[in-house]
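Below you'll find the structures, each written out as C-alpha cells.
Below are two complexes that have chain A in common, paired first with chain B and then with chain C.
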Partner chain A sequence: MLIVKDLVAEVDGKTILNGISLTVKPGEVHAIMGPNGSGKSTLANVLAGRDGYEVKSGEVIFQGHNLLELAPEERAREGVFLAFQYPVEIPGVSNMQFLKASVDAIRKHRKLPELDAPAFMKMARDKCKDLKLNPDFLKRGVNEGFSGGEKKRNEILQMALLEPSLCLLDETDSGLDIDALQVAAEGVNALRDGKRGFVLVTHYQRLLNYIVPDYVHVLAGGRIVKSGGRELALELEEKGYSWIQ
Partner chain B sequence: MISPNDWKQQAQAQTGQEHSLHWLLQPAIAQAAFRAAELPTRKTERWKYTPVTALLQQDFLQPAAVDSIDEARARDCFADLPNASRIVLVNGQLNRALSDFSDLENQGVITLFSSASPEQRELINMHLGTALNPDKHPFAALNYSNLQDGLLLHAPALQKLAQPVYVVYLGSALATPAWAQTRLLVVAEPGAELQLIEQFDSVGEQNNLFHNHVTEIVLQPNARLQHIRLQVEQEALRHINGLHVKLTRDSHYEQHGIAFGSQLKRNDINVNFAGENAACVLNGVFLSKHRQHIDNHLNLEHATPLCTSNTAFKGFVTDESRAIFNGRIHIHPQAQKTEAHLNNRNLLLSKKAELDTKPELEIYADDVKCSHGASIGQLDEKSLFYFQSRGIDKASAEAMLCLGFVNEKVEQIPSEPMQLLAQHKLGQFFNDVEKLKTLWSL
Partner chain C sequence: MSKGNEIDDLISREYEAGFVTQVESDTLPPGLNEEVIRIISGKKNEPEWMLEWRLEAYRKWQQMDIPRWAQMPHPEVDFNAISYYSSPKSKKNGPKSLDEVDPEVLATFEKLGIPLHERGKLAGVAVDAVFDSVSIGTTYKEELAKAGVIFCPISEAIKDHPELVRKYLGSVVPQQDNFYAALNSAVFSDGSFVYIPKNTRCPMELSTYFRINELNTGQFERTLIVADEGSHVSYLEGCTAPMRDENQLHAAVVELVALGDAQIKYSTVQNWYPGDANGKGGIYNFVTKRGLCAGVNSKISWTQVETGSAITWKYPSVVLRGDNSVGEFYSVALTNNFQQADTGTKMIHLGKNTKSTIVSKGISAGRSQNSYRGLVRISPRADNARNHTQCDSLLIGDRCGAHTFPYIEAKNSDSIIEHEATTSKVSDDQLFLCRQRGIDEEKAVSMIVNGFCKEVFKELPMEFAVEAGKLLEVSLEGAVG
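Right after this comes the complex of A and B.
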C-alpha cells in the first residue's frame, strides 16, 4: 500500500532524510525507532505533506498515487492520517465542528452521503466512550486546554472517525502516563483490521508492548540502518541506539 | 463636499435652535464646548487615523424625518428575547409599534426625557454629563448640544432586573441624507443589577445616515451592569459612538462588544473609576472588510485605589479596510493597588489592509499591577496544516480559523439569544451564511 523509495528530504537546506526506503503492506504495523534528530518525525510529516520539507529525490507511492504530488488535504482524503506529536490548540472552533468538517470532507471524497448532525453526534459520542473521553469535550475548542493525554486520545478519536487506510502515529506515546498509554493503544488496536497499515514513530519500546509491531526499523542519520522483527525493539531497549550506529 | 469649518458652523447653527427640553442643564454646557471645539483633523492626535471626510461628503446636517420602515424587516433584525423590554429607535426616533417596554415604563425604569417626571428631570440633570468631558469629545458635545430627546434607564436600588433591557437603534435608507443623534443615560442605584443590550443595526442598503450616539452610564455603589453591544449596521452608514462609564465604589461593569466596520465608524469607550474596589471588564471584537473603517479608542481612567480592569479586544481586518485600536490605561497617583490589564490581538489578512494598534500605559502610582500588549498576525500555519491533514481544504480551513478567532469572543457573550444573533450577523459578514450555519449549529 505504501512504497517509499530512496526518499531524500531537506529542511532549511539541511538534509534530514537521506535515502529512506520502506514498504508497508496492508495490515502491517511498522515501528520506526531511533535517537533524537534521526529524522523519524520528519518522515511522518513528509508523508502527510507538511510545508517546509523539501523532497529532493526519491518517490512515495501510496495505493497507486504519487503521494508527493498531492496536497495535504488530498492525501488525507485518499486515506493517509497523521496523528500529531503536538496537536494544535484551536480556540473558538469546537471539536465537534472540526470533526464534522473533517468527516464531511472525507466522506464526500469517498462518495458517501453526508452524515446529518444527529447521526454524526451519536457516532462521535460513541467513539468518545470507547476512548474513555468525556463527551463534553466535543463541545470544547479543538484541543483547547486539553491535557497531554486528552490531546493524544483526541488524535486517536479522529483516526477512528476518519477510518484511514494508512495511519502514521508520531510519538503518540510521548507525554502519556501508563493508563493513558493503554487507552490510546487500545484505540489503535481496535483499528487493526488486517487491512489498515500503521507506521508508529517512537523513541521507546514501551509503546510496542501495547501495540505489537510486525517490523521494527531503526533510523539513524536519515536512513534506515537496521530492520527486524519485534525482538529488535527489545534489543534496543537493552543496549541503546549507539550499539547500531 | 463642504469644509470642516463650514460643517461645524452649520452644525452649531442647528444646535442653537430652541429645544423643547428647556429644563435640561447639559445643552448649554455642551454648546459652549462644541463652539470652542474644532472638528478633528489629521493633526488631532486622537483622530489621527480617522478622517471625518465621510461626514463632509453629504449634507447630513438635519435630523432624519420620521420615516416609515418595513416592520417585518425591522423585526428580522431582533434577537429572540421574548421577555426583554425592547426599545426601538428608527433613525433616532422612538418607534412605539416596534417597541415593547410598557412594564418598565410604568415602573419608571425606562423613560423618555420628554416625558420625565419632575423627580426624573432632577435625576437626569444630576447625572447627565458627569461621566463625560465634552471638551475632549466634540461629537458627544454636538450630541448633547442638540438634545431633542433621550432615554433614561433608571435601575432601582437593591433590585435585580429579571429581564434584559434591549435597545435597538435602526437606520434605514432615507430620501435625503440626515443625522440621527441619540443618547441613553443609565443610572443604576446602589445595589442594582441589570443587563443592557444595545444593538446598532440597519434595514436596507445604501444607508445615508450619520448616527451620532452617546451612552452614559453611572453605576452607584455596588451596582452591577452587564452590557452587550452589537454594532452590525450596513456598511454605508456612518456611526460615531461615545460610551462613557462612571464607576463608583464596589460597582461592577462588564461589556461584550462586536463591531463591524463601515464607511466611518468610531467607538470611544471611556471608563472613569470614581470609587474604590470597582471592577471593569471590556471584551470586544471588531471586524472590517472591503474598504471599511473602524476606530476603537479606549480610555480607562483609574483615579481611585483598589480597582481592577481587564480589557481584551480582538481585531479581524481584511481586504482594503482599515482598523485602529488605541487602548489607554491611565493610573493616577492616588490609584494604588490598581490591577489593570489590556491586550489587543489582531488578524491582518490582506496586504492592502491596514491596522494601527497602540496600547498605552501611563502610571503615576507605585504599587500597581499592570500589563499591556498587542499583536498582529496572520493565520497560523500549523493550525492550517492540522485542518488540511484532516481532509479539510485550505479555503475552508482558513474560514474556520477566522471564525474560531472571532467566535472565541462570541462564546463569552453572557446571553444565548445574543450569541445566536451575533453568529447570524457574523455569518452575513463572512458572506457565507449557509455554510457557517451548519458549522455553528453543532
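Right after this comes the complex of A and C.
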C-alpha cells in the first residue's frame, strides 16, 4: 500500500533523508527505531506533506497515488494519518468541534453522508470509552492544557475516530504511563484488520511487546541501515546502536 | 508554492452585503451649513427645541478640530463633499406603515436576512430598520407596548416622548464631547430610541439594522437607550453598506443610561464595507458609544464584533457612577487587507465598589493595522474599585500589525487593576495539525480564529454568535500566513 523509493529530502538546504526505501503491505506493522536526530520524524512529516521539507529525489506511492503531489489535507483524506511526536494546542477550539470538522472532511471525501451532531457525539463518546478516556476530554480545547501523556492519548483517539488506512505514529508511546501504553496499543491493535498499514516510530522495544511488528528498521544518518524482525528490537535494547555501523 | 503568493491569493475576501439598491431617493446636495440643519430638522417636523439643540452643536463643532491622536493615516474627509440627508422617496413624508415603503427597500432588508413584514419577521427579536437617513419600520411594536417598552425611531420619540428625549439626549455624550459627536449632534438623521420602564424585563431582544445605500451620503445615527430602575434589556445592532470605490462617512452616537439596579446589554456586529483588497473605498467609522451606570447596582455590558469599515475609531465606554455598578467590554476586532482599526474602551470608575471587565481580541491579517486603546480611570472616591483587562492579539501573516495602548489612571490606592496581554500567531504547526486531519486551510484558520474569540462570542445572544462566527469566516476568506 505504501512504497517509498530512494527518498531524499532536505530542510533548509541540509539533507536529512538520504535515500530511504520502505515498502509497507496491507496488514503490516513496521517499527522504526534509531538515534535522536536520525530523521525519523522527518520521514513521517515528509510522508504527511508538511511544508518546509524539500523532496530532492525518489518517489512515494500510496495506494496507487503519487503521494508527493497531494496537499497535506488530501493525503489525510486518502487515509494517511500522522500521530504527532509533539501535538500542538489550539486554544478555544473544542476537541469535539475539531474532530467533527475532521470527520466531516474525510467522510465528504469518501462520499459518505455527513454525520449529524448527536450521531457524531455518540461515536466520539464510544471511542473515548474504548480508550478509557474521560469524555470531558471532548469538551476541552484541542490539547489545551493537556499533560504530555494526555496529548498522546488524544492522538490515539483521533486515529480511532478517523480509521485511517496508513497510520504513522511518531513516538506515541513516549510519555504514556504503563496502563495508557497498553490502552493505546489496544487502540492500534483494534485497527489491525489486515488491510491497514502501520509505521511506528519508537525508542522503546517495550511498545513492541504490545504491538508486535512484522519488521523493525534502524534509521541512522537519514538511511535505513538495518532491517530485521521483532528480535532486532530486543538486540538493539541490549546493545544500543553503535554496533550496527 | 511561495508563502507570499499564497497569502495574496488567499486574502481575497468576498463582501456579501455589497449590492446597491436602485431606489428613487430624496437627497440633499452635499455641504453643511445652518440652512442644511434647518432643512434636516424641517423634514422631520421637529419641535423648535430640537432645532436649537442641533444649531448649538453645529456652532460648537465649527470651533473643534479633527482628533489626530489615533495612528490612522487616511485622506482628509471633506465635510462639504458629503450629503447630510438622504431618504428613499415614499408617497408621504416618512413611511407611516410598511405598505408605503418602496418594495425595493423591503427586498434589500430581506436579502440581508432581516425580513420586516408580519409573516417573515424574526422570532423573538424586534427590529428597527434604518435605510440611509430614515427608519423604514419597526416590528413587534404592539407586543412591546403591552409591556410598556418604547422602541421607535428617535425621530418619532422626539415628537411623541419629548420629556424623555430632552432629559437624556446628550446627558452621556455631550454635544461637544468630541469632533464627531458634535457633528452627529448637529446633523443626526435617525436611529433608535428605547425606554424600558421600572422593574420591567424587556420581553424580547431589541435590534436596529443600519444600511447605508446612497452614494456620497454620511450616516449619522443616534441611539438612546434608557433603562429605568430595576429593568433589563438586551439590544443588538447590525450594519452593512454597498461596495463603492468612494469612502463613506459614518459618525454615530450611542448613549445608554442605566438607573438603579438596571441592566443593559448592547451587542454590535459591525460589517460596514471594508474597502477592496487594494484599500480602495470602504466606510470611515467614527463612533462615540458610551453608557452611564447612573444608579446603584446598575450594569452595562458592551459586546462588539467589528469586521468591517476601512477605518474604525470606536471606544464604547462605561461611566460607573452608581456604587456597586458593573461595566463590561467584550470585543473582537478583525482587520484584513488595508483596514485600520483603533478600538477599545474607557472604564471610568466614580462610585464605590465598582467593577469593570475588559476582554479584547484583535485579529490582524493582510496589511492591516489593529490597535487596542483603553483607559481605566479610578477616581479618588471610588473605594474598592476593580478592573480586569485581558488584551489578546492574533497575527495572520507577517505584514500586519497589532498594537496595544492601555492607559491606567488610579487615584485611589484601594483599587485593584489587573492587566494581561498576549500576542500570538496562527502557527504553521496548528495549521498543519488541522490539514493533517483533512481540514482545509481556510476552514482551519477560521476555526483557530473562532477559538481565539470564544470568550467574546459566548457573550453574544445565540443567533448573533452563529452570525458572528460566519462573518469571521467570510472576512478571513483565506487569510493564511
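To be clear about the criterion, the second predicted complex is superposed on the first by the 245 of 245 C-alpha atoms of A that agree within 3 Å, B and C clash if a C-alpha of one lies under 4 Å from a C-alpha of the other, contacts with A are read in each partner's own complex, and residues count from 1 in each chain.
The rule we apply is simple: a residue touches a chain if its C-beta (ideal position, glycine included) is under 8 Å from a C-beta of that chain, and two chains touch if they have at least 3 such contacts.
As the structure is a prediction and not an experimental result, all values here were calculated from the model.
A.B. asks: With both complexes overlaid on chain A, does A:Phe98 touch chain B (first), chain C (second), both or neither?
C.D. replies: both
A.B. asks: Check the residue A:Ala117 against both partner chains and state whether it touches chain B (first), chain C (second), both, or neither.
C.D. replies: Once the two structures are laid over each other on A, A:Ala117 reaches chain B alone.
A.B. asks: On the A-aligned overlay, A:Glu73 touches which partner chain: chain B = first, chain C = second, or both, or neither?
C.D. replies: After superposing on A, A:Glu73 lies in contact with both chain B and chain C.
A.B. asks: Would you sort A:Gly141 into first (chain B), second (chain C), both or neither based on which partner it touches?
C.D. replies: A:Gly141: touches chain B and chain C.
A.B. asks: Where does A:Ser165 make contact in the superposed view: on chain B (first), on chain C (second), on both, or on neither?
C.D. replies: Neither partner.
A.B. asks: Per the definitions at the top, what is the overlap between the chain A residues touching chain B and those touching chain C?
C.D. replies: 48-51, 71-73, 75-77, 81-82, 84, 87-88, 90-93, 97-98, 101-102, 105-106, 109, 141-142, 158, 162.
A.B. asks: Spell out the residues on chain B that touch chain A in their complex, using ranges where they run on.
C.D. replies: 380-383, 385-394, 396-397, 400-401, 403-408, 411, 438-442
A.B. asks: Write out the stretch or stretches of chain C touching chain A in their complex.
C.D. replies: Of all residues in chain C, those touching chain A are 427-430, 432-441, 443, 447-448, 450-455.
A.B. asks: What does chain A use to touch chain B in their complex?
C.D. replies: 48-51, 71-73, 75-77, 81-82, 84, 87-88, 90-94, 96-98, 100-102, 105-106, 109, 117, 121, 141-142, 158, 162
A.B. asks: Of all residues in chain A, which touch chain C in the complex?
C.D. replies: Touch residues, chain A against chain C: 48-52, 71-73, 75-77, 81-82, 84, 87-93, 97-98, 101-102, 105-106, 109, 141-142, 158, 162.
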